[in-house]
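In this document, chain identifiers A, B and C correspond to the written order of the chains, with residue numbering beginning at 1 in each.
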Amino acid sequence: MTPDVPTSAGLATYNFAYLDEQTKRMIRRAILKAIAIPGYQVPFASREMPMPYGWGTGGVQVTAAILGPKDVLKVIDQGADDTTNAVSIRAFFQKVANVAVTTKTREATIIQTRHRIPEEKLTAGQTLVYQVPIPEPLRFLEPRETETRKMHALEEYGLMHVKLYEDIAKNGHIATTYAYPVKVEGRYVMDPSPTPKFDNPKMHRSEALQLFGAGREKRIYAVPPYTEVVSLDFEDHPFEIQTFDKPCALCGAENVYLDEVVLDDKGGRMFVCSDTDHCEERCANGHRGHLAYNKEAAE
Amino acid sequence: MTDAPLLKVRDISKFYGARIGCKNVSFDLWPGEVLAVVGESGSGKTTLLNCLATRLMPSSGAVEYRMRDGEMRELSRMSEAERRFLMRTDWGFVHQNPADGLRMAVSAGANVGERLMAVGERHYGNIRETAGNWLGRVEISVDRIDDQPRAFSGGMRQRLQIARNLVTSPRLIFMDEPTGGLDVSVQARLLDLLRGLVQDLGLSAIIVTHDLAVARLLSHRMMVMKDGVVIEQGLTDRVLDDPREAYTQLLVSSILQV
Amino acid sequence: MPTPLVVSEVAKSFTMHLRDGIRLPVMSNVAFSVKAGECVVLGGPSGIGKSSLLKMVYGNYAVDSGQILIEHGGRLLDLATADPRTILSVRRATLGYVSQFLRTVPRVAAVDVVAEPLLGRGTAAAEAREIAEAMLARLNLPRELWQLPPATFSGGEQQRVNIARGFITDHRILLLDEPTASLDAKNRAVVVSMIEEKKAAGVALLGIFHDEDVREKVADRIVDVSAFSPRKAAA
């Protein structure tokens, strides 16, 4: 270690936001290209990160490359701010970038997400960073990367509908419920990462910038603000989002994506908002679901 | 039949280093015409077929194709996107091994429907109905529509491959030993089916085969290749009944009589 | 009306490459013609090349030199030098052929074998089948065979399918290679009357008939093929 490197509280060997500046520039270039060609997968020199593949190394690198000292960061995992993955990544950036963090969707400038889009409508100036395991939507039908790249280049997307056809043939309806393929700005077919298809309509003409990072696969892609994002379907089997019979058991919210929570080993269960911030805020504003903890009754 | 050829082949050669794949092959193919290319293995017939079907880049020569709008286009001057589009709409390619031409892990219906979806068909019911009709035409029971070709016999797979190719009403089909590796009875059924389809649909076809009986049954015209060169060509029954070249005479006299 | 078929100065030889390339001259200086409504019979001892000559006229054997002029689609063309596509179109529209043997196609019913030439000329399928059935009925082919592929038929039955197929069209020229060879008297008579009808319709017929009785009934003229044979010159 060279003695004249400036040191600051416990972070002596880290650059701001962990990655060195050259790497950040490389990633930013990839991001700019991705924004310029919506839905197109841009290769980038993905780095080793201090976490295993599958834990969001792609998303973390994108976040690290765009994070500034004044940003406010929110990290969610399946909609929740308080699960291991979300807590760890949030703590990581607090430590290596010393940025402000929040669980409030509205307050965040950058939201890194694994598998959900917040219920609250994102606004101009916000950036949503997705963690992507497999960026290539055509892979399951055509394993050759040389061929899928060519198919993207030549806009040969018949195969994508073959997958949906197989779904209907087997199940009577399109059974794909997550990672549901979309066409971006009428050109590239894109995997929206394993978000539930419930969230697909939120991507369409979103005011926020959406960035996608796949660390293991070394790909970055993007959907710029106000971009058309259309879910693929058939005329006689149109795209539909999931619906839920009951509202959230805690906050009574309807038309949100719900998680199933098992309550006991006797078959007891409840359905609650997968977006914890959304749920908490509604509860704080006095909304109550049928299983909500009732303070007055308890007293 | 119109008076313009569908395919014009001029001096096609393909060299693999110093070795000759095929050399200076020229011919015209008219709409509705079936051309058989015969010769023993290694004679260059498959190389020629691949050069014509743009699966191989010829070393020299030109292949022109008359598009649906009547314009003659040289294949090597087309963009890759145009060539691939041609391949999956106006052309078909039937491989000797059906696994090379089918998606083995996708249902029979989707195998047939893929080309329709590729050209923009977006109505599941219509796609399925068309696929079902085509399965019927190639004598595969419609109740197998959701089965994968993995579960099919060799003859069924080959018929499925043919249906998959014909669903977009192509005008030109390339076939590489379409009956190779099939039992004789299965072969006969396939040949009869092919013959009927070619006739009903007015297809043009180029069939590579080493089986002279297949050539006689299916083709109007025949080219005999040896060492990469076309040594004799003409009306199929003329070449088979009155062969002129030594090699052709040898081929014809080598047919087993049953 | 021009003569439908004129053959002149035709020569033919076979080169047997498998037997050290020996050249077998088969025919030279072939010259004859067939007028509309005329039945010309090729005569001469067996092995002299009558069938070969018929095959040359049909384009099945190539000729070394000479002309085979055919009136096709209102113009004369030389079949000896025509390209394969032209020969096919001549066969489809103008030049019919009844061979000795039926080359059967697997799985195709007899009635469809017979109807096929009509379909090739654009007749509707139902109509073509109807005409085919009438032909088979006239040739006394048992009705229960009509829907079966002819591969398993007897020689006489196959021959009748073959004749029906050859006579079903209105080709202007018809080549007949022993069409009555394996028929009984009753069916021979049917074929004779069918030939008479073709003649009355102005069709030019060129045939080989070993059966003297039939030959005498149908032949307007006999062309002696041994006159063209090099073997005669050697004798």
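Quick note on the criterion: a residue touches a chain if its C-beta (ideal position, glycine included) is under 8 Å from a C-beta of that chain, and two chains touch if they have at least 3 such contacts.
Note that the coordinates shown come from a computational prediction; the quantities given were computed from them, not determined experimentally.
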Far-end chain from subunit B, centres as C-alpha averages: A
Most centrally placed chain - per-chain CA mean versus overall CA mean: B
Whole-Å separation of chain centres (CA-atom averages), subunit A against subunit B: 47
Mean-CA-position distance for subunit C and subunit A (Å): 78
Distance from subunit C to subunit B - Cα centre to Cα centre, in angstrom: 32
Touch list for subunit B against partner subunit A, complex: 80-81, 84, 88, 103, 106-107, 109-110, 113-115, 117-119, 122-125, 127-128, 145-146
Complex interface listing, subunit A residues touching subunit B: 141, 150, 153-159, 161-162, 165-166, 168-170, 233-237
Residues of subunit B touching subunit C in the complex: 1, 30, 33, 188-189, 191-192, 195, 199, 217, 220-221, 234-235, 237-238, 241-242, 244-246, 249-250, 253
Residue ranges of subunit C in contact with subunit B within the complex: 14-18, 21, 55, 59-62, 84-85, 87-89, 105-108, 119
